[in-house]
Each structure stands twice: as C-alpha cells, then as structure tokens.
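Dumping the structure here so I can ask a few things about it.
Letters are used for the chains, namely A, B, C and D, taken in the order the chains are written, and counting of residues starts over at 1 for each.
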C-alpha cells in the first residue's frame, strides 16, 4: 500500500471586477466576481513544493483585470471562455481550466449612474480542456411565490407522519438553476439567459402544482422547449415553507391569509431535465 | 454605593409574517419582519424574577399574527403604530413601545404569483408612549454608483497620508437612510416612501461630488425639500471603494475602465440633515 | 425655515490588521478589526465639498498600520486610545474620535503556529475628546446554555396569550455585553476582560432563572461586584428559544430531552446594571 | 428527441436538533443540524404530481426528532447511518439515502451548563443504498496560521505575472477536510475524529511549506498514516492572503510584522490524498 495524490486543482477565487465602458458621457457598467480553478500535472508542488509549473494565483487575478481591459467583459460566458482557453493554451502543465463567474446586474439611473439589482445573480461556469469547452449558464437567488394553485396530497404515511394533506398552500422557492449548452451552441448569451429566465418564471407561474417536484420538472421542460441550444438543466429548489398560523385561540379564522415564513428546516428538491439525445457532459458540473 | 438597574427593555425580535389578501383569484402580498421592544417598570423581573408585569414575548408574536388578520398590514408605519399603541394601552407597566418593521417588496408575476425584489428594504420604526408617537421611515440596502462626476481633492496631508488627489473616481454606496416624520404627519406612507426614495436617488445622481459628505447632504436636503412632513433625515453611507487597477506592468492603460471592487476597509459617512424649526425627537433614534 | 446640517461623523471602518511580534523563533499574534469615526467641524465638506479639514479615511487606515508597527497592539483598549488621541490632537477640526476594535483570539499550536478561537470576540470602544476619554470594553458572540434551572411563570395573560407556564426549560443566549470603565481606570486590560468574562459566565451558570431579565441582572451585578473599576454594564441577550418537540404522536415521551433549536423569532432582553455613584458617560454608547 | 427526467433527489435540509441526556443533575448535550436527501424512483411526482411514493419531508424531520429520543445521538456518523438505513429499508421507492450532519461542540461549564465552541464544526455525510453504506467524516471552519516557515518561489512567470518571490510569508487557511472511511470501518467515531483533527493540525504546524499544495498533501498524508481505517481524504484550503504593509512612506521598516488580512480574492487549493489500494467510493462525494 502506498499513499498517493488524487484529484486536485487550484486557482484564485472571487476576484471582484467592475468594468466601465465610456462612450463619451454615457457609460456602461459590468460587475463580476470571477473564480478560476486549474487542473493538470500538479504533482511536483504537492509532493515536494517544486513550483515550476504553478502559475501564481496572483497572476490569474492580474489576467482577469488585464483581459477586462483588452477584451472587455460584455458576456460572462465569453469572458470565462477567453480566460479558460488562455490558461490551457499557455500553461503546459494545465489540462483543464474551470472559470466560474457571478454577474451582478445594475439598472441605469442616468448617463453614468446606476442602481444595483438584487433579485437574482446571473452565473456562468465554463470548463475548457484540449478537446473543447463546456458552457453552463445559470441563475441564483430568484425568489418566487405562488399564493395558491399548490397542493400536496396523496403521499404515503408511516409511523412518523403527522402532516395533513392540503389542497391549497403557498409555494415559495429561491430558484437556483444551471443549464448546460450544446457543445456547438454560441448564442447571444444575454438573449439566451433572458429566454431561460422567462421560461423558468413562466413554468413556475403557470403550473398548477401537486408537488414542488412537478413544478421543477415543468420549469426545466419549459426552458428546454424554448431553447434548442440547451442540452440539460439542473434545478435546486428549496421549499421555503410558509406555515398557516392557528388563529382559533384568538377567535379568528385564517383562510390562507396569515403565514409564518419559516427559516429552517426547509425542503430541498434537486432535479435534472434533459434531452434524451443530449451529448454527454465534458465535465461533471453538479454533485 | 449600590448596584442598580439602569435602562432596559425587552421584546420579540424578527417575527416573520407573510400576509395574503385574496380578492377572488387576484391576491396581494405583504412580507414583513416585525421586532417589538417594550420599556417601563420592569424592575421586579430583573431583580427577583417576578413576572407579574412581563407580557410574554410569545404573546407579542401572537399579537403580530392576530393583528395581521384583524387589521391587515397595508402600510408598515400604520401596522407598527397599531402594535405600539396596543401594548402601551393594555399593559399597565409598559410606558414605551418601539416597533421596528422591515418590509420586503414583491413584484407581481400573475394574479397570485410574485417575485421578490432585492434592491432595497423599506423600514419603519415607531416609538409610542403616553404622550404620542414618533414615526421614522427608512430604506436600506439601496446600492448605487456614479462612474464619474466624483472627485476627492484639497484634503489635508499628514505624515501618514499617501492618497493621491483625484479628479475622477467611482462613487458607490449602499444607502441606509432613515427619516423622522413631523409629529402631525399622517401621509399616504407608501407615496411618502416613494417620494423619499426618488429624492435620494435624484440627489445621488445629480450631485457633482467633491466628497461623499457633500453628496450625503444633497441627498438629505432633496428629501426635505420634497416633503414638508419630514422633520429630519439620517444617512449612513459606506464609501464602497473601487480601486483603479494598475495595468502599466502589462503595457496597458487604464482610463478609469477597470476597477477592483473592495470589500474592507470602507469609508463610512454618517450625517443628519434637518429643518431648523423641527420639533425635537420624542425618542432618540440613532447613536 | 431653513435646512441645516445636524450631527455627523466620518471615518474608516473595518481595517483588518494582523500584527506579529517575533521573539526569535517564537512569535506572538494579534488580529484586530479597527473602525474609526471622527466628528467636529465638518460643515464645509458637507455644504460645499471643501475638504480642507477632511483627513482622508485612507490616512486613518495608514495610521492604523503605522501605529501597529510603532507602538504595537498589545491591548485593544490601549491601541484605540492611542489612535483616538492622535486624531483629536493633530486634526484641528476634529473634536471627538471614536475608535472601535474587534479582537479575535488565537490559541498557540507551536512557536509560530496558531489556531483561531471562535467562541467569542473581545471588543473595545473608545471615545476621546479634548476633556478626556471614555473606555468601553466588551464581549460578543459568547453562546451559553443551561439545560435546566430555568422557568418562566407568573406572567400576565391577555387575549393573545397562549404560552404555557413552565417550570423547567432550556435557557440559551448569545452574550453581547459592553461595560464602561471608570474615567480613572487603567487596569491591566486583558486581566480586566478575563475577570469580566468569568463573572458573566458565573452569573449565567449559578443563577436559578425565573426570567432571562433576572439572569441578565445577575450577570451584570456579578461583573460590577468583581471589578470596582467598572462603572456600568450593558447586556443585550437574545432568548434563543428551544422548543420541546411533541413526541406523543409517535408514542414517545419527551422529558426535556429533544428540542428544536429555533432561529427566528427570538426574545431580546436589553438591560443596564450600574453603580449608583457612577460618573455620567462622556459619550452615549448604546441606544 | 424527447425531454426526460434526469438525476434527482429530495429531502429535508437543516433540521436543528438539540438533544439533552439527563443523568440526574448532570446533563450532556448534543447540537446537530441534519440534512436528508432521498433518491430512487421518483418519476411519478416529477411528471404528474402523483405523490404515492413521496414520503413528506415533514416526516423526515419528525423522524429525526423521534430517533433522537429513541436511539440517542451520541455519534453523528451512527445517527446518520441509522436514519439513512431507515429510509432505504422502509420506503420501497427509495434506493439511496444521503444524510449530512453538522455537529456543534459545547464545553461544559457546570453540571447542566455549557458554552458553545466556535473554532470548528464536525461533519458526517453518510450514503446508504441496498448494497451497503459509505461514511465520510469531516471538519470545517478550522482556521490556522503559520507566521513563518512558508515561502513561495520558483513559479513560472508570464506577461501578467507581477508577484515577487518570497522566502518568508504568512500561511493561513480555514481547513475544510472530509475523509472517507473504509467500508469495513466502525471505529469509535469521536476518537477517530480527534485523531484526524490532531493529524491535520500536526501536518499544518510541522510542514515547512513551499506551497499550500505541499502543506495540503502533508496534512492529508498525516491523517492516512495515523488511521488505517481511512481510505482517502479531500481537503479544500483557501489561501487566506496576508499582505505585508508597505511602511516605507512613513519611514518605517516592516520585517514581517504588520499585515493586511485580505478578504477577497483568495487562493483556493483543492486536493485528495488516498491509499492506492482503497476500494472505490460507493457514491461520489465531492465535485
């Protein structure tokens, strides 16, 4: 028996970049957090501290800022691909680069004035190796609620089941969705993102829900139906419970009007919706 | 010398309430976090554990939910006043009630579907005693940025000063503002809030800024000029530093295009703007 | 009527400092977050953007680091006093400086190896003006629990009261305490802190509690009895509710054995314990 | 082409449990957060909302509390196995259960008084299917620092590299480690955890570090050398940068004494150390 080095990678996480584009008095603004992870033949530094092949993570940070100047950062997917390809192409020991970007939206208030949005974060996660690239786009933190058209019934009961069946409940979640694009896809990324976001919201709003799983599937299906360039989508949906308050002790009724918004615990529904002919993923992108 | 009990209060903090109003198929939604603090003659419980005068904080929570049913929660200021007056009126030992509410906005997606806003929180803090009430409304978490029209020059230099003067920098902050209403004010609270928010944004956007202090004053002044029912306003503005990246080592220029968005440290500017004839505050509301 | 500038201050918040003292191979470590706020005649910058009297917050940050080298940071109270006096003494327009420090403890693992503690933060908040200084020391984040010897009974009941009286409950809180020293006090600050922390824990552990208010008073009293140099103490104690689980549906008893640890809402008990002959505070230090 | 359901699971996340064991006046305390995820044949609910096979997540929560009473929660690994086996054994449609537990330590202050530790969290993640179980134990949030015996040299330089080589720097990280036990392992879990924690700390303290990768490997190797029941270990180590402050402008030297503790960006080093004859993992446990 010997002790050996297994899978490993390294990089610079959460580089905070704000990029301004100045067109005379009228400016545009991009606000990104960029995380880079590189993998390849990194045994030497792990075993002996020989850093011959270890590009400093400080250099990765510098590259983010320099590329922002040289190439702009119009689309997170494009910027991530650019960075990922750069490291794989220029670092002999690096076989695979993963670049993950969070993009924070800002609304315009004036020619050079902006207000930060807070209702969702747009994400891109790109994996690049010698054979090609995989692009996963996503959204997180999109909190939505249906105040009716949700039930939960017909479930099995065991010794530990006390939950009552309900034909009318609040359904609320914080959408965390990531979708893998077809290898050949090179859409207008912002338009693609907007289509996906709209499809997710439509799926949530228009589905009469017998379970959050059913809603999840409907949301994912809607995205795939809308965009042929998307191979599969992964949704992670917390069931943000809203408990009906018992007002009977106060002589009051509560016809689904007054709720406790719970923190913990919460349900957690995770699922994937895919095309059956989608090419396999180049790199695993969820656990 | 004796050891004595000094100022004290108690209550239930962060009761999470979602209130749905159902008008047939069309629903409306209010999402509040309510914190209550009561003060008065509470010496007995502090000194001997005699709880004769200690209304349980659990009862305060119940009251929030019951009042939400009985009275609705259309405006946070009104709901806070209702709660505060109730406790002062019904609990003999309570001389003063403070009710603080955070209100989270939701945008409509459908007749009974909603998406949570994330770009600011509306607040109300009400203090009630036998003589009357004080209403403070506010906003927090409103993140704004000007990408130019901001300078910082003419400051004193001492042995520890290394900062260069600048005639063009990013000015970014997360607005935390609270404003005290005139004792007689009973406006449409939502309209009043919207006016104040607009005035704050206008003040930020239209001020050519020589210091964040100057911008703060302009923002506060704008609110007071807009609304005669507001006696004074307190602003707490972090200076969210954006550092210009030195791209010269890479043979690149940086004409205010590429910035590091810093986390810590940050500047913190706190200031009050008031009418000189404003009546004094009934209760201290900032430190 | 005119619109006027009211109370204001500014400074650099959350400067992160790690100071290493090297005694040959054996090192010592201090880890502080320093926040500075200066007040005085700052009308010019607020009204016209004239920064003649506005020492940059960047200079405050530099001063923290330079003073750390020149003077060391052995005690947060001493370091805060040094900084506060410096700004009041050297900046003509500054009448008052407030310096707040959070100190993070590290346990020794070896001559130059350390592990960060996580069970509390030590704080110091110093206010300096021309007439003298006020020193407030404190502790936050100290989470403690008694699994018995706590009851809550004898409270008033109104229409909204459903809480059952209990003779045996869990009492848990996260201690946030600040204590103001006598103006003349210049103790060994670490020894003073350790005495206060011990007294707080002793007060919590040894008090049979009929209310968290009673426990609060006992904890504060214990601190004052232990240390004649402390004039008064302010405690803010969340009542971290632990709800007894109803196991009857599963045919099980629950003799105070299985609890839900709740997040929100929580009780919040705030109180002050003071010497009746304590000199008044030089600056208000809690709301 | 058809749109199909891919991998999915569901469960109750973050059930907060405090379990008290009463031995007369002397109590013991366990504080756990339990998250459960079940996978299997869940197509019906995803596709049609048929919940015939969907045990409510509310029942999972109840089961946690009931099992805490019936079986106790002495070791997180044992409690997780018990829960996981229960769901796989009793729910026909469930093929695999994953139970993840965070355990928060408390130090004894008295017979029934405790203070919460804050310097690390102990974790257990168990996967159960018909064929057996996989147990992964871990630690998170263990923050450690070496103030010397760390260098970073000999790295490649490209156009974007500005970092200077250093022969003496601070090395600081927050250890997040998980280790997979041999399938046959059934150690005293607490003793096993303590051995691993000690080995991790020893590896960190005693390694002269030429890179954080080298330190990571040494830490992992130490754990495997110490405990033959551990098959492999995964470490995720942020490089918490401490930047040397340039004090030259103030006429001061800085011989590795005064540092800025940075927040973002940070390096992130991820690696696995394994026995070469370790049996394969039953379920993937890291990405």
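Things to note:
In the analysis below, a contact is a pair of C-beta atoms (placed from the backbone, for glycine too) under 8 Å apart; a residue touches a chain by one contact, two chains touch by 3 or more.
Predicted model only: the values in this text are computed from it and were never measured.
Path length between chain A and chain C in the chain contact graph, taken as the least number of steps between touching chains: 1. Between B-D and A-D, more C-beta contact pairs are found at A-D. Centre-to-centre separation between chain C and chain D, using Cα means, comes to 31 Å. Note on chain placement: the centre of chain B and the centre of chain D lie 38 Å apart, centres being C-alpha means. Centre-to-centre separation of chain A and chain D, using mean CA positions: 23 Å. Shared interface positions of chain D, defined as residues touching 2 or more other chains, are 16, 62, 66, 160, 162, 249-250, 263-264. Across the complex, chain B meets chain A through its residues 16-22, 27, 29, 31, 62, 65-66, 68-70, 106-107, 109-110, 112-120, 141-149, 170, 201, 204-206, 242, 245, 247, 249-250, 252-263.
For chain C in complex with chain B, the touching residues are 1-16, 33, 35, 37, 42, 45-59, 61-63, 66, 90-91, 152-158, 160-163, 209-211, 213-214, 216-217, 221, 224-225, 232, 234, 238-239, 264-277, 284-287. Every residue of chain C that touches chain A in the complex is listed here, in rising order: 159-160, 162, 249-250, 263-264.
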